[in-house]
Structure formats: structure tokens, C-alpha cells
Amino acid sequence: MVPPEYYLLLSAAVFCIGLFGILTRRNALLFLMSVELMLNAANINLVAFSYVWGNITGQTFGLFTMALAAAEVAVGIGIILVLYRSFDGVDVTDATTMRW
Amino acid sequence: MVGIFDFTPAIVLLPFVSFLIALAVGDHLPKGGALAGITATAGSLALAIGTVLAVAGGRTYDATLYTWAEGLEAVNLTFGVLIDPLSALMLLIVTLVAFLVHVFSLGYMNDEDETGLPRYYAGLGLFTASMLGFVVADNLLMAFMFFELVGLCSYLLIGFHFREPGPPSAAKKAFLVTRFGDYFFLVGVVAVFGTFGTAAFVGSESFPALAEAALRGETSVNTFGFAPQTWFTIVGLLVLGGVIGKSAQYPLHTWLPDAMEGPTPVSALIHAATMVAAGVYLVARMYGFYAISPTALAIIAFVGGFTALFAATMGLVKREIKQVLAYSTISQYGYMMLALGGGGYVAATFHLMTHAFFKALLFLGAGSVIIAMHHNEDMWDMGGLRSKMPVTYYTFLSGSLALAGIFPFAGFWSKDEVLYETLLHGLDGDPILLAAYAMGLLAVFFTGLYTFRMVFLTFHGDPRSGTAEDPHGVRWNVKFPLVVLGVLAAVAGFVNMVPVKKVTGLKIDFLHKWLEHGYAGLTVEHYGELLHDFPHYGSAGLELSPLGPGAVSLGLALAGAVVAHRLYNVPEPVEHTDRLGEIKTVLYNNYYQDEYQVWIANGLTRSIARAANKFDGGVVDGVVNGVSSVSLFSGSRIRRIQTGVVSNYAVLLTLGLTALILAFGLAGGWFV
Amino acid sequence: MIIEALIAVTFLAALVVFVAPNAAAAKLAAALSVLPVVGSLWMWAAYDASGNALLGGEIAFETDVVWLTAGGLDLHWFVGVDGISLPLVVLTTVLTTLAIVSAWTPISNRESQFYGLVLLMEANLLGVFTALDFFAWFVFWEAVLVPMYFLIGVWGGPNRRYAAIKFFVYTNIASLVMFIGFIALVFGLGDSVTSLRLPEIAQALRAGELGGFAGLDAATLKTVAFVAVFIGFAVKVPVAPLHTWLPDAHVEAPTPVSVLLAGVLLKMGTYALLRFNFTMMPDVATALVVPIAGIAVISVIYGAMLALAQEDLKRIVAYSSVSSMGYVILGLVAYTTYGVGGATFQMIAHGLISGLMFMAVGVIYNTTHTRMVGDMSGIADRMPVTAGIFVAGAFGYMGLPLMAGFAGEFFIFKGSFASTVHSAMPLFTAAAMFGIVIVAGYLLFAMQRTLFGPFSFDDDYDVTTAPFHDVAPLAVLLLLTIVLGVAPDLFFGMIQEAVNPILTGGGL
Amino acid sequence: MTPDALALQTETVAAWTALAPAILLGLTGLALLGVDTLWPDDPSNAVLAGVAAAGSILSFAVTGWFLVAGTGQASTGGAIALYGDALVVDGMSLFFTLIFTVVTAMVVVAAYDYLDDHSHRAEFYSLTLFAATGMAVMATANSLATVFISLELASLPSYALVAFLKTDRGSVEAGLKYFLIGAVSSAVLAFGISLVYAVTGSLVLGDVAAAIGTPEMAGVLGLGVLMILGGFAFKTASVPFHFWAPEAYEGAPAPISAFLSSASKAAGFAVAFRVFVQAFPLEAVPAGVDWVIAFQVLAVVTMTLGNFAAATQENVKRMLAYSSIGHAGYALIGLAALTAGGPNGDVLGASMAHLLVYGFMNTGAFLFIALVEHWGVGRTFEDYNGLASTAPIAAVAMTVFMFSLAGLPPFGGFLSKYVLFYSAIEAGFWWLAAVGAVNSALSLFYYSRVVKAMWIETPVADFEIESRPVGLYTAVLFAGVGTLLLLPGFGPVIETAQTVAATLF
């Protein structure tokens, strides 16, 4: 079988890719997608180690995570819409009326 | 049974009551409270006479009347009354002079329609009360407290004319200079308490007695790590600081001439009987403590002698009559100090008494002249007053003869004894005493000179101004005190004619006898023993006829008088000061004593204070404000992290977490 | 219960005045503030306890109930007085009433708030001087700041905002430093104390039951805590160089507030120093005698020199307070009956005299609208009575015998000169005593320039005699000063009874 | 009371009833939606606010009753575990629920006036209630799964609520930032949880605690722990996950700022306390994973940054936002001052008590801001000048909040901060207390600026304040009275907090 460390490395890689996206992308939607990547990195771990440990806790939680991710996106899209309306654009770096 | 001594507190309290009366209802009283004051002082005088008679009967009195602070597991601080020959005599002098000054004030203040009379008489009353309290004090602390009150009164009275610029300044100076001396006095008082645990003057547990016992090795006291002899000298000199301040000895004499800004009766009171006398009286009061310290005695004598000469020279060139008297006062108290230092306890007391009479007389006489001259004090505007105001003239003359020390007036006997005692003990081989004696002797000549310069300029020759042509007359209330004092100035010396005794063998040194009884530790004999045992005065046991020295000093005095006669007893006298050349300016400026003292008090101290203020505002407070401004600045920087760009937040967030993880990873060794 | 009654009455009075209409507030506050005066005087008359409240002596009018339990240690409502605190209670009530009366003229806006806050502060001050449980005490201690902040901030002079905030934050930081030091000490005591009652802590500390804590061994902990607590209180006193909030606060505060600030609030600091540092940790205090006495001397001389450099009458008196408080520190560290007792007495004396001076300055200010020495001259010509009392008060400040100031200072000098805690104490004493010359210097200079000489005044206000209710408080204070100066035993007896237990044992 | 409480443990009443507070909140939220749908056209604000307030107050009452009755506490047989230990009702959960419910009540009452001229009121109330439900569940979450889910349940409505003022750029921006940071944080949290699961093979806190003793993969475990810590740091607005807070609080509708800064923050601490104490007990964690140090760092940095940044603000609302970051730092002491075998119950309890008091005073302060916004007065300190002359009562309340936040007596904040520092020193962390003391001294500076503006300064322009909104006034005064009463009434609070906290160890 595949040693668990590999799963960890994979998930870490995915997580970092997501993080990289967040740090570099200014488009709100891409930002959201990157977050999804990070969440899925977590899911990789959960599922993999659910197998390693031989219990389904991980898989179940993985499902929950996906559902929550969807909900999050729903709320996020809403917010991005109003963002688009009031700042006519989805560039997250435009909204800087409040600072310091 | 109720004895006269039960009324001793009344001697002090009567003037105090008059102070309260004048203060409270003075405005509504006739003569603004003067009568209350006169009555009170008269009462005090009567009681004082009674006390003196009782003491003459061989009785003495020492009682603690009030516990000011009761120490638990610590000493009590008390007020008490000590009546012995010395204090009784002083009571008599003070009450008499105070009484006469009150009477004189009727003429000087009331008749001249001065304002603020209640304040004036309240001041006089408190002044008298404080001085009397000081005189009867039976311990050093009480003495100090009344000593200070005397200082307060002098401030109030010197500054009586507070609406003019001069008096307030003079009053401030008087208090400040004496306060400087009193600082050392207070340290001395505290030190006495710390050393002996008591400040009583009399009794086997009194601090002089304890000090003597300690030196004789009979007991031990806390001398703070010094040798007893050294420590007692230090303490004695500390107390002496107050004496030098109050008795206007060099270098703290500068306040006294300025104090002439006060009303003339006040000057009489201050200089003759109260404030200035207080210093010398204090030394006499605790003479047992000084007698055991050669160093202290030598310093006292030297300071005295120097002051006597020093002040006399300055008296030569003054224009205002009161200024001359002021410097003569300083000079005369120098003599008393000289006597005390020279072991002439009786002589000092004697001169204190005679001086009280003739100096009061001279001031009151001067006051009468000033009334006559419509408050013009410049002697060069006077002249020829002899015919206009004979009573004043002859009494003033009597006082002057006494001051100059002309036989047989009072001053002659006392000053003569002062010099004699000093010389006698100096010849035991004490060069400092001899030096002091020499200065004292030289001062005699100057005394005669300035005294008669004053007399001639004021009363002889032709009038030199309109006012001198027809002076303002004076009434009985001025003349009466003058006459009384004039007589005393003439005859007071007969109470102690030591030379005569020495020559004729008659037992007529009444003052000696007077001071020989009383409390064991406070008698002349005891002081004699102390002087013999510790500074070894008179140990050589040499005999010296009083006639020689007496003749010398009398000769010098007469010489001074003659010179004055030559220079100033002419129809049109002129200033001869130019002959002095450069010295003249020096003398006019009083050897620049005021200048440097004013510079210390004002220039130096104030600039230090200003520097301290800058430091306080800049550094000390600067740090405080600095802390706050630094915090606020760092705050304004910290908030800059919040750029408002959400991507930066993500970056910072990631960096923060990464930093945390790395730190822990490295510390926890996860990555091995 | 008299103490609770006292505090409660004052609180209620404060509330009543708060809601009263502005017009009536002044008189109402004065009338109500008489109640605590009566109460405290009754306490003084009825007082017959002896000994030190912290060291097992009798505690008069005691109440002790558990309030709440937090963090293992009970917090008590524990109040009572002994010979040290009772005089301060009396001082507080009397001075507050007089300050209220003296506020009638200068305070002309938002009166009800002003007098309400004054009474509120009085209530808290009473709490500070009577509380014997650390927590209750600390609550009152901090609560005093709030009314003071408003009193300075709302009714103060032009620069009042700065002064108020400075006072507020500075003293609050100090309190927190003190708090940490003290709590660390309490935990260092471990199980030997079951509550925060000061007597318990004091006795445990003196019994040497302090253990190590937080990595510090007992000795170090004690020293560190002592220093922390000392600094915390030194700011309140204030001791140089922690004094700079004081002149600003005084100059900006309205006169009645200055009176309370100098008269009572500064005493909080010295009182706390006596109760905490010098009663609980005499061994550390005597070990640190040189720095402490040094600070005292510096405060005396430095404060006096600063006063000498001031042109503003209020600043002069403010800095001279720093100077006078230096004497108190010197007396405390002497550990003799007269030293510590005199220090306590000096708190009262200085409270009265500094109050008198501030009021006198205020009365002059009321008509001249300036406090600058240079702006006026010959005021005595127009305001003879005020000037007279001013002079009397000034001489009291200079330590004129038979006035309270001299008694306090002389006791301190006598006690500290003979102190055995260090061989150099006589030198420290002599050095500090020179303050009496400097104080005479600046007060005499100031009086000569303002009160005396020919009358001249730049502004066009007509300088007239002050109204009766301005002068009356001055007269009362002057009278009290003289009474205490002539008969210091009125307080000094009970003070000594409370002080003497401090001087023995506890590592001394 | 006790019989009923005991009854809850027996079969007569189903154990799930112990969740009544959370359930009530959730039902109220649904009910509000129902009202909205059934009601012809726009339902009346009063009804909605009434329902919301009633629901939260009822839930508050029930919680209080449970707490007094001893449900889930030692007196009645200890914590009630439900659904395979996924949830647990114990004293601590009830204590926190108390905070959430009372804050929710105040917020909805205040919102009654605040929403007067807005649409979508029903959504506002119901979202608030749902968020509250999430928080109540957070307090009971006993498994990392429920922790994550309940946390999201609390967060998602909050995002929407912050952006509630759709047309207001500030509100939208705040919502965006809050949401994006929140999303990242939740991802981090999820990943952390997955890592912990990877190491321990369980999500139930107890089992995790049992499994972490094994040293292998300590690094992964530590990574997971720190990431979980990060997730909670977001909820509690602690450095470095605090960046959303200033903007979110400033831009959001003031009642929501109050809600987030008080209740949501408390919820974050609730889970943090439970997870770290129960899942990673100090006795068990491997040496390399000493999370206490991390919390110490966070506590110091957070309180310092919050206070220093707050000191230089011109905008009162933003100042309060930073100050609430600072207070998060104080509350973190509860975790930072833990020691193996130390007086942990006292420390944690003190922190909980502080959060309760903070719930009152901070909510009150933000609601005062809401009141001022309602009046249309500006947000800067200058705009507040002389406000006391026009609205003295509200100004008095605000003064109480400010001094209480600064930790001055005689207010609740003084006592809670006192006990917090006290217990920190007790635990031996006197330097933590010292840092906290310095900070609260500095905080006094900026809090008193508000007081100064209101009372001392003279108004620049006279205010046109026509209305005295009853709801806002009620909420503000309630908070004020609570802040005052918490000084004398602090005894039972701190005792309860410290007892319930002690049972966690």
C-alpha cells in the first residue's frame, strides 16, 4: 500500500497551491476557488487517513466539509455580487475605503 | 500658697492678651489698642519687679507648665518656666523697655496719625510676649519656638509700612537672614535631643550638666561617633548659628541696618531689649554648655571682637542717625559676644543690661529727633537742635556718653569689664582671645568717634535745614521714657563697679553677687569652674589690676570723642570722609557684605532654581511625555499594517502562521 | 457600622446633589457635607482604641464580612480605623466641606455635577482610609481617580485636558505596578494567608512567612515587590522624580480641587506607603534606607528649588507640596516614634496648611483673575484680611512654631536625626532640614512681590475685599492649624499608639 | 430546582433536552423566516424584533435555569454527552451560551430601531439567531467535526450580516474582507483538523487526547495543532488572524459589530478552551507541541497591537474595534497562563468571567455607537464633542462602558480584569499580568478620550437629536446596568466560571 506520508505530501502540495492562489490572485472568484483547493487538501487527508485508520470518521467529515464548502461559496458569491455592484468589479484589492 | 512665681506665666500672657485685643477690637479702641498694650506691659513690668524681688530673696523657680507633645516610649516635649537671677534680670529689662516703648509709641505713632495702629500695637504685644516667653523658657526647644516667633514679629513690625517698597523688602531680608541662622539652631536643637534626650536648661538631667558629666567621664551620651568634646563643640556651634543670625554678628549682620525701615520705637525694641538681645541671652542661658568647649568659646570671642570693630568702622560714615545707631548696635553686641567668649559671663550680662538701657534711650531719642525733623533722618539736615529740644538733648547725651564708654556712665563700667575679662583670660596664653581683645579695644576709639559725630551733627552747630530751624515739638509721652532711660543710662553702671571693688575692696559688685545664687548649674561659680577645668581660663592665676586696661579704653574713647569734637563740633561741619580715599566707598558699601549675600540669595540660588526648573520641564517631564508620544507614534505605525488591501492581509496572515510554525518546528524539532 | 454610614451618607449626598438643580447645588452640597464631618468628629471623640490596625492592635468601628471568593482567596468587606487612619478621615471630611464652601465663588457652571463629584470623591477617599481589605481598598483607591479626572478636566484651566489625562494615566499606571507587586507578594505568602485582609498579610509578612514565587526566592521577591509597591505609591505622593503630573494638575485644577488634591489625595500616597511598605516590610525598608532617604532629601530640596523658580502662585505651592512630602518620607524611613508619628502628623498638618495656601491663592485669583506673581503688587492694600491670612498661612508653611507645620516637621527631624536605621541619618536629616530656609525664601519673595509694596495691577478688574464665604474657610483652616500647632497631642497621642507597634519586630 | 435537573439525567426527560438553548435559538430563527413568508407583504418590525427577542431571552432563561440547576455539572453527575460524544453539555457550555443569548437579546432589541428604515428585516433577525445557534453549538462541540461545522454555522450568517447594508460600500467591503479571511481561516482550520485526524485517527476530543501521546509524526500533529489554533484565532480576532476585525466592525451595522465583537469572539474562545484543554491536554502533548507558549506569544502580541493601534484612531467605532482585539489578548491569558497541574481552573474561569463582563460592556459600547449612528452624528471623536449635554443618560452609560473597559472601578470590567491578572500571577505568569497592566493603562488613555469628548469638550455644532429610540436605549441601559451590577454581583459569576472551568481538567 502507499505509505501515508505520500498522502500528506500530496495534500500539503494542494494546500500550498491553494494558498499560492490566494496570495497572488486579485479576482474574488479565483480567490474563492483557491480556498476550495485548500479545503480539498483537507479532504484528501481525511479520506486517506480514514482508510489508514480503518474508520469512516474521516470520510464522513469529508462529506461535511464539501457541503460546507458549497454553502460558503453560496454566501461568497452573494457577497461578491454586491461587491461587483458597489465597486463595479470583482478585484478584491479595490475595496480599500477602510484602512489603518 | 500662691507665690509671686505663680504669676510668672502672666508676665508672658499679658502682652499676648493685648495682642489679641488690639487684633480683634483695636479699631474700636481709643488710640488703636495702645492703652491695652501699655496696661499689659505695665502689668508685666510690675510682676517682673515682683519676681526680681522674690529672686533677690534667694528664691528661684522651675516648673513644667504644659506638655506640648507627650511621647509614648519617647521623650516629652514640654513648655516650662525657669526663673533664676539671669532670667529675672532679663524679664525686668524687657518689660521695662517694652513698657517705655509702648508709651513712646503714643507720641511717635498716634500723635503722627499713622494708619494701621491696631496692627502696630498687636505686633508690639506679640513681640513682647514672644520675647518674654523666650526669656523664661526652661528648655532649648521652647526657647527656639519663641525665638522663631520673635523673628515673625520682627518681620511684621519691620514691614509695618507695607505699602512702601522698602519695608517689605527689609522685613523679608531680616527674616530670611535670621532664618538662615535658625536653620543651624534647629539642627542644633534636634542634635541636642538626639544626644542627650533632653533639652532642659537646668537640673542634673539638663543637657549642659549631662555634657559636663560626659566629659568628666561620669556618664555617656550618644555622640554619633565623634569624640564627646568634638561633638559638643559641633552642637554648640550649630546653636550659635541662630545666635549669630539674631544678634546680627558677622556675617549675618546684614539684615539689621535694613531693619531701620521699621518704625523707630520698633527699632528700639528690637535692638535694645528683644530680638537682638535674644541671641546673646541664649548663649548666656546655656553658658554651661559653651564653657566646656574651648573651641566654641574662642570662636564666639573672635566673632564678637571682629564684629565690634567691623561694625564700628561702618558706623563712621553713615548719614542717617538711625543707621549710625544700627551699626553701633551690631558693634555693641559684638562686645557681649566677646565677653561670653572671653569667659566674662557677668560682664556680658552687665553689658547686655546697660546696653539695653542706653541703646533704647538713643533710639527713642533719635525717634524724638525724627519726630521733630518731620521724619527726615539725615543728620546733615539737622544741627543746633540742642537749644530747641533740651530734654531730648541731655538724655541723648547721657546715652551717648554711656555708649562711648565715658566714665562714669553705665557703658563705661560694662565695656570696661568686658575688655578686662577678655584680656585677663587672653593673657593666660590664648592668642585668639588677645586678638579679639585688641579688636575690641580698637573699636572703643571708633565708638567714641561715631557716637559724638552723631551727637555733634545732630544737636550742635547751626541748623542746616528749614525743619531744623523750628522743629516739631514732642509731648510728655516722648519725654517721659527718655528721662527714665537717661537716668538709667547714667547710673546703671554702679551696680557692678568691679574696678572700684578691686581698688577699695568694697563689696559693691552687686551683679556678681546677684548672679552667684540660683540653680547650682547656672551660677557664676559653676561657670568659673567649668572655664577653669575645660578651656583653662584663669588657670595661670595671674593678677591684673583693672585700672590699667580701664584707663586705656577710657583714653581711647575720649580720644575718639575729641576727634569727633575737632571734626564736627563746628558751626559749619563738612564731610571729612573724602580723606579716607578708597576706604570711603568700601565703608559706604559696608564692605560689600550685602552685595555678595544678595548675590547668593538671589543671583546664585535663583539661577540654580531656574536651571532645575528647565531640567524638570525638559528631562524629567520630558521622559514622561516622551513615553506617551513614543507609544502614540508606535501606535500610529502599528496601525499602518492594516493597509486595507485584503490580499496583503492574506499575505501577512500566512506569514504570521508560517513564522509561528517555523519557530515551533525548529524549537520542537518536528522536521527531523 | 458608623464607617459604612459615613461612606453611604456621602454617596447619597453625592447622588442627591447630582440630581439637584444647579442653583441649589452649592448650598445643598455644603449642608450635606457637614454630616460626614459630624460623623468623623464623633468617631474621633468616641475613639478609644489603641495599637496598629495591621499589627493586631484594636480596630475601632470594625466590620468584617466575606464579600466574594475569587481565585482561592476570600475578598472581605473589612473596614475600621486606628490612630493612623482616623486623623486622615477627619481631615478628609473637614477639608471637603471647606473646599465646597470655597468653591461657591469660582465654580459657576454645571454646579450640581461639580459638587456631586466632589462628594463622590470624598466617599471614595473615606473608603481608602478606612478599608482594611486589600481588594476593597484598591477599589476605592482607583475609584478616587475618576471624579478627580472630571473635576480637573471639566472645570480646569485652559490646559485642563492635558493635565487631566496626564494625572489619570500616570497615577493609574502607578496603581497597576503596585497591584502586581503586591499580588505577587500575596502569592509568595502561599497558604499562610487565607484572604486579602491587610492585617493578615502584614502579620504574615512580618512573621517572615514569605516563600519564593514565580522563580524568585523569598528575599528577592520581597525586595522586588517592595520596590514595585513603593514606586506605585511614590507617584501618588508624589516623590521626585515621579512628580511631574502634580504641577500640571494643580495649575489647571480649580482652586477647591487643588485644595483636595494637595490636602487629601497626596496623603493617600504617604498613607499607603506607611501601611504597606513601612508597616509590612520594615526589613526591606531599612535595608533600602539610603536610597529612600536620598529620594526624600532630593524631593525636599529639589521641590523647593523648583518652587523658587516659579512665577505662578499655584505652581509655587504645588512644588512646595513635593518638598513637604519629602519630609514625610524621611520620617517614615526613620523608624522612630517621632519619625513615623511625625510623618503621620505631618500628613494632617500639610493637608491643612497646603489647603489653606491654595484657598488663599484662589481667593486672590477670584478677584484678580491672575496667579502670576509679576501681574500684581500690593494686594494687601485692597484685601487686608485675605493678605493677613495668607501671610499667616505662609509662615505656617515655613514651619512657624505653634502652628501645625512646625510640629510635624520638628517631630520628623527629631525622630530621623536620632534614627538608628543608618549612621548617615543625621546627615540626611540636616540636609533635608535646609528646606526650611528655601521655603522661607520663595514664600517671602512671593509675598513681598504680590501682597506688599504700592498697589498696582495691570488688568482692569477692581480688586476688592473677598466675600465672607471665601474668607471663612481660610479662617477655619488657620484656626485648626494653630490649634494643632499648640496642642498636637489632639492627634499625636493616638498616632503614636498606632505607630509604635511598627517600630519593633518584623526583622527590624 | 435540583429534582428537575436530576430528571434531565434520567430517562424521564430525553437527554437531548439539555441542548434546549441551542434548539430554541434555531427554532426562533426558523420561526422568523416563517413569519416573513406567511405575513402579508413586509412584516412589522415590532413583531419580528419581538419574536427574536423573545426567543433569545427564553433561551437565556433556560440556560440560566440549567446553570443554576446544575445541569451537566458535577452536582448532577457531570457533563451530558450526546450523539456519540459529538456534543457535550456541561457548565462551561452553558456559561458561554449565557453570554451568547444575552448579547443576542440586546442586539436584536437594539436592531429594532436600527433597522427601522431597512428592508429584509426578517432575514436580519433570523441570520442573527442562526449565528447565535451556531455559537451555542460551538460551546457544546466535543468533536473536531462538530467544532468545524458549528463554527461555519456561526460564521456564514455573520458574513451576510456584516454585508447587510448592501448599498453601503463600507458594509460591503467589510463583508468581503470578513468573508475572504474567514474562508482562508476555515480552510486552515479544516486542514489542521485533517492533520490531527491523520495523526490520531479520531475527531472526538477525548480520543484525540488519548491518542496524541505517541511521539511519531509529532511534527504533523504540531502543524495540525497550530493550524487549528489559527482557525480559532480568526474567530477570536487574535493576531495574526485579526486583520478582518477592524474593517468588519467598522463597516458592519453597529449592532452586528456588537454581536461579532462580543458573542462571536466569546464563541471562538469557547471552542478554543474546550479543544485545547480536552483534545491536547498539557499533560499528554508531546514536548514539541507546547501550544501554551504559542498562546502566550499571541496574547502579548494581540493585546499590545490592539491597544497601541486603538490609541491613535480618530474614529470611535474603529477604536472600539481595535480595543476589542486588545481584549481578545486579555482573554487569551486564560489559555496562555495554563500550566500542567497549575491553578488552571482559576485562570480559565477568570478568562470566561472576563468574557461575560466584556459581553455586557463591549456590546453596550457598540450599541451606543449604533445609537449615535441612528442620530446621524458622525463617527469621529470630534463629532462626539459635548454629546453629554444633549444625551446625558446615554453618555453616562457610555462613560460606564469606557471606564469599565479600561478596568476602572467601580465597574464590572475592573473586577474581571482584576481577577484575570490576579489568577495569571497566581499561575506564576506575573509578566503576562504586567504586560496586560501596561496595556490597560494605555487603554485608559484612549477610552478616556471618548469620555473627554462627550463631557469635557464643547460641542462644535449643536446636534439635532429628535428621537429617543426606545429599543436602543433599552439595550444600552440594560448593558450599562449589567456592567454596574457585575461588580457587586461578580461573586457568583466568578465562582461558577471557575468551578465549571475546573471540571475541564
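Note that the chains are named A, B, C and D in the order they appear, and that numbering of residues resets to 1 at the start of each chain.
By definition in this document, a contact is a pair of C-beta atoms (placed from the backbone, for glycine too) under 8 Å apart; a residue touches a chain by one contact, two chains touch by 3 or more.
The chain list, named the UniProt way, goes like this: A = NADH-quinone oxidoreductase subunit K; B = NADH-quinone oxidoreductase subunit L; C, D = Oxidoreductase.
Computed from a predicted model, the values in this text were never measured in an experiment.
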item: Most central chain, judged by mean C-alpha position against the global CA mean; value: C
item: C-D compared against A-D, more contacting pairs; value: A-D
item: Distance from the mean Cα position of subunit D (Oxidoreductase) to that of subunit C (Oxidoreductase), given in whole angstrom; value: 43
item: Intercentroid distance (Cα basis), subunit D (Oxidoreductase) paired with subunit A, Å; value: 26
item: Length of the line joining the C-alpha centres of subunit A and subunit C (Oxidoreductase), rounded to whole Å; value: 64
item: Distance from the mean Cα position of subunit B to that of subunit A, given in whole angstrom; value: 97
item: Where subunit B touches two or more other chains, by residue; value: 628, 639, 642, 644, 646, 650
item: Interface hub residues of subunit D (Oxidoreductase), defined as touching at least two other chains; value: 176-177, 180, 184, 188, 220, 246-247, 442, 445
item: Shared interface positions of subunit A, touching two or more other chains; value: 22, 92, 95-99
item: Those chain pairs that satisfy the touch definition; value: A-B, A-D, B-C, B-D, C-D
item: Contacting residues of subunit B [partner subunit C (Oxidoreductase), same complex]; value: 67-74, 141, 144-146, 148-149, 152, 159, 162-165, 167-169, 171-172, 175-176, 179-180, 183, 186-187, 190-191, 193-194, 222, 224-225, 601, 605-606, 608-610, 612-613, 616, 620-621, 624, 628
item: Residues of subunit C (Oxidoreductase) defined as touching subunit B within the complex; value: 166, 169-170, 240-241, 243-245, 302, 305-306, 308-310, 336-338, 378, 380-381, 395, 398, 400-402, 406-407, 410-411, 413-414, 417-418, 423, 426, 429-430, 433-434, 436-438, 440-441, 444-445, 447-448, 451-455, 486-489, 492-493, 496-497, 500
item: Footprint of subunit A on subunit D (Oxidoreductase) - complex, ascending; value: 144-145, 148-149, 152, 156, 159-160, 163, 166-170, 172-177, 179-180, 183-184, 186-188, 190-191, 193-195, 197-198, 201-203, 220, 246-247, 250-251, 318
item: Subunit B partner contacts - residues on subunit D (Oxidoreductase) that touch it in the complex; value: 176-177, 180-181, 184-185, 188, 218-220, 222-223, 226-227, 230, 239-241, 243-244, 246-247, 286-290, 293-294, 297, 305, 307-313, 322, 442, 445
item: Interface residues, subunit D (Oxidoreductase) side, partner subunit C (Oxidoreductase) - complex; value: 343, 346, 350, 403, 408-410, 414, 418-419, 421-423, 425-426, 428-430, 433-434, 437-438, 440-442, 444-445, 448, 452, 455-456, 490-491, 494-495, 498
